[in-house]
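Okay, here's the structure, questions in a sec.
When the chains are written out, they are named A, B, C and D in that same order, and each has its own residue count from 1.
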Amino acid sequence: MICIFVTGGTFDKTYDEIEGKLSFRGTHLPEMLRLGRSRVAVSIETLMMIDSLDMTDRDRALIVGRCAGCGESRIVITHGTDTMVETAAAIARGVSGKTIVLTGAMIPYAFGSSDGLFNLGSALSFAGVLPPGVYIAMNGQYFVWNRVRKNRETGAFEEQEQG
Amino acid sequence: MICIFVTGGTFDKTYDEIEGKLSFRGTHLPEMLRLGRSRVAVSIETLMMIDSLDMTDRDRALIVGRCAGCGESRIVITHGTDTMVETAAAIARGVSGKTIVLTGAMIPYAFGSSDGLFNLGSALSFAGVLPPGVYIAMNGQYFVWNRVRKNRETGAFEEQEQG
Amino acid sequence: MICIFVTGGTFDKTYDEIEGKLSFRGTHLPEMLRLGRSRVAVSIETLMMIDSLDMTDRDRALIVGRCAGCGESRIVITHGTDTMVETAAAIARGVSGKTIVLTGAMIPYAFGSSDGLFNLGSALSFAGVLPPGVYIAMNGQYFVWNRVRKNRETGAFEEQEQG
Amino acid sequence: MICIFVTGGTFDKTYDEIEGKLSFRGTHLPEMLRLGRSRVAVSIETLMMIDSLDMTDRDRALIVGRCAGCGESRIVITHGTDTMVETAAAIARGVSGKTIVLTGAMIPYAFGSSDGLFNLGSALSFAGVLPPGVYIAMNGQYFVWNRVRKNRETGAFEEQEQG
């Protein structure tokens, strides 16, 4: 069984047709798993539904707490890409002995052309086989939490030497 | 680097609007990798473009030969689901020391609602981390080649005790 | 109020993932009208759900009968493109004083990339404003029933001099 | 021949994956006409690419000038829905003897689930057959420019008694 914690991010942004802007409503995770014909046993819990630029220390403490407290040892977290690395670091400091994979999307799933479905397949697979640790899964690749950065010009995640 | 071998299957079926039926043209793999913003280093080679029900021993021998002959030790093969297990068995008998993952789709990618993108993200991820062996990656799960069968009523792949 | 009669055709073909081929289930019309945010008052009635190559004289008699019998004077019929012209001719012989527009699609709506939504918007609009007569609406154009043919090489409908 | 003037609006909003917000790049019109297999003879000219809430009197004067100046008597204008009625009024005051149809979308076309393709089929069809006048085509319906308002709660256009 894999726990999926939803925190929002581009992954779950949707278009509010009355306001004419992007917003959050419910998560698309169940629909995406159905579309992918996923048969991975999962539980889905929405912890928050926010842009990761708005994520506070308090929000991160909640995420760390749920990772530590949940009964499963394999966890996937959907998260905005802008501060995914910071949240991964907070989890790494607070939780051990579990395989925790953060993933997200550059394009909202509600747009037809999302990388979210690809990343979700990838993150669930890495979560199922990687040893305990905190990872980021994006672009078909995985990175250990303290060896990755988001390149803000290209939007891609890249290996980075440990500081 | 991961070698991707394309053999056809539902994954790459497209709609021929003049004939009004399903057919094969080129592979959708490059477009799918672009959509998924994949940054996995891959080479793509189309070995054949057929329905897996039409796959012959000669076709399988070609696939086995390319798996053995290619310079990479990590391989993903897109394949029709109907005889995916047979091809996996042929590869397992003919190739060793490589991580080879077969994947496919229940719905053509050219249909908006395909499981193919999810499966591709999953297969590339399993191919990147699993130890040498021959596997089938479908529905977010992986199976060792000789412990899986396709349930023809539900369309899903299931664990099966070794014969 | 516009009556919509559904007869099948490419418009409503869907992919049967167990059998691996195209088939018919229910019509996509209500979903398409919702997607198009249509506010045209319509009633939808499925008369049959078949490939138009399989349409018999008996089927056509049923369509003509429903066109004549329904209480509305504006009608849209979704129909396979292969014999759309024949059905239009049968209706023209049997019904007068109503605006009847046949439309269809080259690509199933269930594929993301369908011309069906465009054609549906077009057909409903023509049905709302054209004078009584029998018309075919395809490719953004309308044709009087006896001045059109389907070009089987290109798949497009073309103006044709009356015989 | 129908002139299509592009002014922006939700129709052409796209997702900027680096900035994480909606923005404008080029118009999707040619792609949409291809998807709809449109065979209507059209010329496409982008006059501006803006949110209609940002449209100034100067912008409207430009639109009116192009409608008056272009050689065709049938015109479709894609436009944001928020001030579509104002622009229609400006055109009605400045241009006569032409059939001019404004249309738009509630959902960006770049999202898979847009009403834009439906509206485009509808607008081109109305533009082809309605007598000279200025109209708004939305939701499968058309409205004369001075008898319509946008309901800002529902997002739908509604008939309104002339003031």
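The rule is simple: a residue touches a chain if its C-beta (ideal position, glycine included) is under 8 Å from a C-beta of that chain, and two chains touch if they have at least 3 such contacts.
It should be emphasised that the depicted structure is a prediction, and the values quoted were computed from it without experimental measurement.
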{"item": "Both-way neighbours, i.e. chains that touch chain C and touch chain B", "value": "none"}
{"item": "Touching chain A and also chain C, the following chains", "value": "B, D"}
{"item": "Residue-number overlap at the chain A/chain B interface, same or different (half cut)", "value": "same"}
{"item": "Centre distance in Å when chain B and chain D are each reduced to the mean of their C-alpha atoms", "value": "45"}
{"item": "CA centroid of chain C to CA centroid of chain D, Å", "value": "26"}
{"item": "Chain centre separation (chain A, chain D; CA means) in Å", "value": "38"}
{"item": "Shared-contact residues (touching 2 or more other chains) in chain A", "value": "106, 112-113, 155"}
{"item": "Graph class of chain-chain contacts, one of line, ring, star, complete, other", "value": "ring"}
{"item": "Touching chain combinations (by label order)", "value": "A-B, A-D, B-C, C-D"}
{"item": "Chain B partner contacts - residues on chain C that touch it in the complex", "value": "10, 15, 17-18, 20-22, 51, 82, 106-108, 110-113, 152-155"}
{"item": "Contact set on chain B toward chain A in their complex", "value": "32-33, 35-40, 106, 112-115, 117-126, 128-130, 137-142, 155-157"}
